[in-house]
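You will see two complexes here that share chain A, one where it goes with chain B and one where it goes with chain C.
And then the complex of A and B:
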């Protein structure tokens, strides 16, 4: 698919979702909205991890940053658009700071550092509880949606509107020179540097872009839940995000979409399964275990993820000798 | 003064846990992000046995044995099949393990905190009116000290230890020379997981208690300890553990317990940016 085709696909996909919100019952619409919010985050994360090779376990924390910024600005009386802009700016700045550190780190060191960032969120909210109100969190007072639109539809449109913008911008970004630089840095830093690519600059930029997406996604979650609390951004959220992009297919926006769907569908599925039997302990824990097993199996058996499992099409990773060097899944990377 | 001893005691646990991370890192170049979850799982087993039999020591032994088995099984069933061409693969698979173990524990035991009894009193001795350290702290020092000495003896004085080091250093050559490299890897994982279980048994009574996520913070602190000391250095990880323990103790004592994780994050950032190889590393060429 050419770049224009991909953008057309994205627009068409979002249009279909918006039509669905008109016919679905409120709960399904709400789930669709959640998929849209997750999609913003997974799309950004897959660019960072899949295309640039930086693993971040801290995207849950970046989402929390976006969510808290939105909550604080909405509660300060700002209009919703300004609050989104504030969330975007703040997470971009935080992402820049983490990214500066990340650009100097590799592999497990980076994973450990971002893990520490993810773990530290509840500590920050309770240390500065005057602003963040500790474990209770903040509620987000939203103005009622215009006209006869239901709250769920309004939320879904917001989420998918944001997802549309994020996806199109990311596609434009990774379809061009920047995308090639990302892959070049991922595959061989020395070669990339010799070819005139600024390695550190590319890595920091990738982190900033990805953080901005996570911030938007987090802000959307604040809008969806109409509240923010540290409990909504636990460490497992960050792990889920990684899981989603790996299972969906690293490095492709389609994979990010699959991952976002999974993030909503698997817990819902587990919920339906455990609903009949009286099993309070299974609730919430079954999806956790399911995610884990799926993640391990996919990593060991099919590192290309769902997006690479297309029966009638050759894998996009092997399309032509030119893309071959860049678009290989992580597992097939040659030993450096 | 009390804070110092409390910090050293905590630090000893972090040291043991960091040592477990270093063991696996040196053998396989994987940072075992599932270490915390594995330790919690074995601690659950241990405390279950303790509760059923009434004997702490039986439960303690069961936890360590469960650690040995879980480590070996993890290596044999999962980690062996991870492609090592990218360092991310091992991390992602370990994260999958974390989810599986935490989900499984939650399903079996529920997500509420369970009490974890300490075998000795945690009331501190007082010398001249100043609280110093408790019997439990002494037990922690002794346990960690014995493990460190045993591991040091194993690696420097026995044939098995030599084989393990050889298998980690040059797997192909060792295999040619008749070393059972894959067996050594399994043994390494088993040992590391057992050390992790020990650390879990020692740290849980001082925290809130048993919970599927109880070791998340401990893992981050111990990872920091391992990084402070250098992931390649066993002695460094022990010293790093003590440093992190002291830092945590002073920060919680003077600034409040909620600030402690932030202090760990700051320490981690400073060390990673300043001396990514660890404070005690020898100079090493960066691999590209």
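And then the complex of A and C:
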């Protein structure tokens, strides 16, 4: 698919979601809004982890940073757009700082650093009680939506409007030179350097971009829940985010979209199951178990993730060694 | 006639490199004049790749100086392109997740130039393939294209003939001879070295043991010793 086609697909997808918000009941619309918020985060994370090969276990904390920044700004009387801008700026700066350190680290050390971020940020909220109100967190007072629009619709449009901007910008970014450099650095740092790519610069940029996306996603969560608290951004959230992009298909925005859907669908499924069998005690752990099982099943059945599956495209002949040669020219022509 | 600034190519002056207790290079001096091809040969572990790493800035010399066209060279790998230096890696060193064309585009984002360079290296018909799908010889050509696309003044080739067949090495030789830039060539394949190089430096355990034209090197006793010593 060409870059233009991908952007058209993104726009069409978001348009479909907006139509759904007009017909869905409020609860489903709210779930759609949550998918949109998650999508901002997973899209940024898959650029960092999938395309650039930097594992982050701290993106839940970056979401928390965005959420708290939005809450504090809104409560200080700032308009919503300014509060989003503040969330974007703060998480971008933090992403830059973490990214600078991350660019010097590899593999398990990098994971350790980002894990530390995931642990430290909630600790900050409980240390500075006066500002962050500790475990209770902050409520976010939002103005009522205009006209006959329901709160859920308004939230969904906000979330998907943001997701649209994030996805289009990311697609433009990764569809060109920067995308090649991200992959080149991930594949072979030495060769990338020799080809003139600034490896550290690329890695820091990837971190900044994905932190900004996580900040926007976190800010959206504050708007959706109309509150923020440390409990909304536990360490497990960061793990879920990573699992979601792997299951969805690492390194592709379509995979990030699948991941965002799973982040909403699997906990909802867990909730339904525990309610059905009347086992409330299970509820806390069941989503994690479901994610784990899904991860294993998907990795066995489709190592490239859900987005890499092509159930409708695969010709039954394509896998046969006898017809492969015959199919090749067809494929080439379609690409030219 | 446009004024040509005086340029005297790459000069290595008395370069030594130590890794802890191991002396990888000792007192190596070498000049690569503009447009010439200089070979560096020697047994495994002689320090040939280390010499390239010094020129590229991956390894800081323990002592010695580098100059490029009269100016001191303090190389940083990702800035080599700006100074007109390109290098291929021992082995292949392509980016496996990028197509052939994308691999070349990492070095130079001008699409026309990338495609022209692939054409010149005989890999244009594979532009949309991933490296893993290609025969080794084609991968080597793509790696060469990725280095050449930056239009370097100095090209460092680390064992470009490794793993190639006789016919392919012959074609490679023609390609190298046809280049207008200076070339520093590390190679084990003697026929290739002897045909394309204007002069040759022989290293053994990091020390220069001989330096001269191909004919001089062919008959040099120290060279025979170094190679026989390594073989024994």
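The rule we apply is simple: the second predicted complex is superposed on the first by the 304 of 336 C-alpha atoms of A that agree within 3 Å, B and C clash if a C-alpha of one lies under 4 Å from a C-alpha of the other, contacts with A are read in each partner's own complex, and residues count from 1 in each chain.
To be clear about the criterion, a residue touches a chain if its C-beta (ideal position, glycine included) is under 8 Å from a C-beta of that chain, and two chains touch if they have at least 3 such contacts.
A quick note: this is a predicted structure, and the numbers were derived from the prediction, not measured.
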**Prompt:** In the superposed arrangement, which partner chain does A:66 touch: chain B (first), chain C (second), both, or neither?
**Reply:** neither
**First (chain B), second (chain C), both or neither touched by A:190** = both
**Fill in**
Chosen between chain B and chain C, the partner touching more chain A residues is B
**Message:** On the A-aligned overlay, A:215 touches which partner chain: chain B = first, chain C = second, or both, or neither?
**Reply:** neither
**Asked** Is A:290 in contact with chain B, with chain C, with both, or with neither (first, second, both, neither)?
**Response** first
**Message:** Tell me the contact category for A:177 with respect to chain B and chain C: first, second, both or neither.
**Reply:** second
**Asked** Does the superposition put A:127 against chain B (first), chain C (second), both, or neither?
**Response** first
**First (chain B), second (chain C), both or neither touched by A:230** = neither
**Request:** Find the residues of chain A that appear in the contact set with chain B and again in the contact set with chain C.
**Result:** 188, 190, 332, 335
**Asked** So in the complex, which bits of chain A are touching chain B?
**Response** 49, 53, 55, 57, 101, 104-109, 111-113, 115-117, 119-120, 123-124, 126-127, 188-190, 234-236, 239-240, 242-243, 246, 280-282, 284-296, 299-300, 303, 330-336
**Asked** Touching chain A in the complex: which residues of chain B?
**Response** 25, 30-31, 33, 78, 81-83, 85-93, 95-111, 212-213, 216-217, 219-220, 223-224, 227, 231, 256, 258-262, 264-265, 268-269, 272-273, 276, 287-288
**Prompt:** How about chain A: which of its residues touch chain C in the complex?
**Reply:** 177, 180-181, 183-184, 186-188, 190-199, 332, 335
**Message:** Could you list, by residue number, the parts of chain C that touch chain A in their complex?
**Reply:** 56, 58, 77-82, 86-87, 89, 93-98, 102, 105-107, 109, 128, 146-147, 150
